[in-house]
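Heads up, there are several structures right after this.
In the two complexes below, chain A is the common chain; its partner is chain B in one and chain C in the other.
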Partner chain A sequence: MLEADILNKLMEDPTVVAILNSQNGTVNVYNGAIPKSAPTPFIPAIVLQGGGTKYFYGADGINRFHQKTLQFDSYANDYTTALKVSNTVRELLQEFSGPLTNTIVTGSLIRRDMDMPFEPGEGGYLFRHLLAIEFQYTENN
Partner chain B sequence: MGDGTITAQVGGLDGLEQKLNNLAPKAARGAIRKAARQAGKIWQEAVQERVPVHTGQEQESISVRTSAGAGEEEGTTGSVTVSVGPTKPGFYMLWQEFGSIHQPAKPVLQPVFDETAGQVLDAFIENLNEVLEGLAE
Partner chain C sequence: MSNVAATTYTWLGGAFEFEQNFGSGSFTTISQVTDVDESGSKWDTPDITSADNTDGVKRQTTTLFTPGTISVSILWNPQDASHIALKATYLAGGTHNFKRILPGAFSGGTRSFQGQISELNVGKQSLDKPTNATLKVLISGPYTDS
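After this line comes the complex of A and B, so read on.
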């Protein structure tokens, strides 16, 4: 599954780990949303969400080559850190191609890179920067 | 899609170029915008059908907007943009489309765009031909 592979790639990357600077003993990379039960402080954090998948068809059915857009939301207590986290993800993945555990990524394109309105957080506001990357990949099995 | 809307730009319609060149720039711009607006209504209806209703404002707030960008030469039109998405009363649909810190996204606009882009483009070409024929009469 592409999401799991990319999540692992983020969590194993030393630059991402360093910038997230976890004080709660975990690397704050989450799938889907940050659970309310997440150990604090869970900021700065990256939230990865899967978007639509485009399938390709041949005479023998669905091809194993897919296109999927993943959304990476970077949250932080200030704007600069949110942007810095997002840029780190972009630097890591914008020209990425190669084999991962379950998939082989053949290309990636940045589809969206934009600020989002800030959200209410504990004792202030959370800043958010959204990055959407489209991956072209093949499933291993 | 900075404000939760999807924007599409159409170019390369060589077959229609000559007809448009025969029109005054203002009339040509008007023709393209009219055709694009009609085509954009396909997106509007599809989004209105799918959008979850919480307050009742969601469906009403989905609007079609068109804008024309300036061309390289004075008096010419460079591009026409169609934007379909919520207006101010439906601003919270932004979080539905992209999620929030504790809530995953449940997108509507992007899937509708992906599924109907071809249909909208076909409708735009058809509409533009009709509009130009109407102008010629």
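After this line comes the complex of A and C, so read on.
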């Protein structure tokens, strides 16, 4: 599964770990959403979501090559940190290709890189920067 | 029409096969075929109107039959064994046996014919789209549907 592979790649990257200011062995990278059980401080954080997949078929069935867009939302207490976190992800993945645990990524293309509206919360504002990358890959199985 | 499963079809489940060595009886199915386009089948119909036709309406007859051309689009994979074999067969030239099999395995759905691969082009190669190759086969001589 591409999502799991990319999540692991982010969590194992020392630059990502450093900018997320990870504490107590927790790296704030999540699939889908920041869970309510996430240990504090839970930001800065990166959340991955699937943003659409292109599948290809021949007469004999589905092609193992897929193109999937993953959305990386970078959250922080201030605008600049949210942008720095997003840029760290971009620099790591913007030209990435190679084998991962479950997939072989043959190419990565940035599709969106944009600010999102801040979100009001109990203790202030939460800033979010959106990065969407399309991965070209094949599943190992 | 009550026993007809479908009144039309898509290409999903169909097959296009070729014989690498003429007459071997061993056919290779091309993997990841996305489109098969048959065209150019026609009769020559010369005008045979004569002065005897006094009604002012032309007459034609049929003489030579052109079986036509089949174009096949393929999601090209240079590491696929069937694509490697197809490329080698094309480069070798000559006449080969082919089968075009419609999806659904019904009587009359398989067309067998001899022909020449006149073109095999790996088309436009893009940064963000899979590569499609196009194969063109000229049908040579009569074909049979079975």
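The rule is simple: the second predicted complex is superposed on the first by the 138 of 141 C-alpha atoms of A that agree within 3 Å, B and C clash if a C-alpha of one lies under 4 Å from a C-alpha of the other, contacts with A are read in each partner's own complex, and residues count from 1 in each chain.
We take it that contacts are C-beta pairs under 8 Å (C-beta built on N, C-alpha and C of every residue); 3 or more make two chains touch, one makes a residue touch a chain.
None of the values given here were measured: they were computed from a predicted structure.
The superposed arrangement places chain B and chain C next to each other on chain A without a clash. Judged by the touch definition given at the top, the superposed model places A:57 against chain C, while chain B stays out of reach. Of the two partner chains placed by superposition, A:100 touches none, neither chain B nor chain C. By the touch criterion defined above, A:33 reaches chain B but does not reach chain C. In the superposed pair of complexes, A:7 makes contact with neither chain B nor chain C. Vectors from the Cα centre of chain A to those of chain B and chain C enclose 60° in the overlay, to the nearest 10. Taking chain B and chain C in turn and counting the residues of chain A each one touches, the greater count comes from B. In the overlay built on the shared chain, the residue A:134 is in contact with chain C alone; chain B does not reach it. Taking the two complexes aligned on chain A, the least Cα distance separating chain B from chain C is 14 Å.
Residues 1-2, 94, 98-105, 107, 110-111, 114 of chain B touch chain A in their complex. The part of chain A that touches chain C in the complex is made up of residues 56-60, 63, 65, 67, 107, 109, 134, 136.
Of all the residues in chain C, the ones that touch chain A in their complex are 11-16, 29, 31-34, 74-75, 103, 127-128, 130.
Within the complex formed with chain B, the chain A residues making contact are 32-36, 47, 49, 51-52, 54, 69, 71, 73, 75, 112, 114, 116-117, 119, 121, 126, 128, 130.
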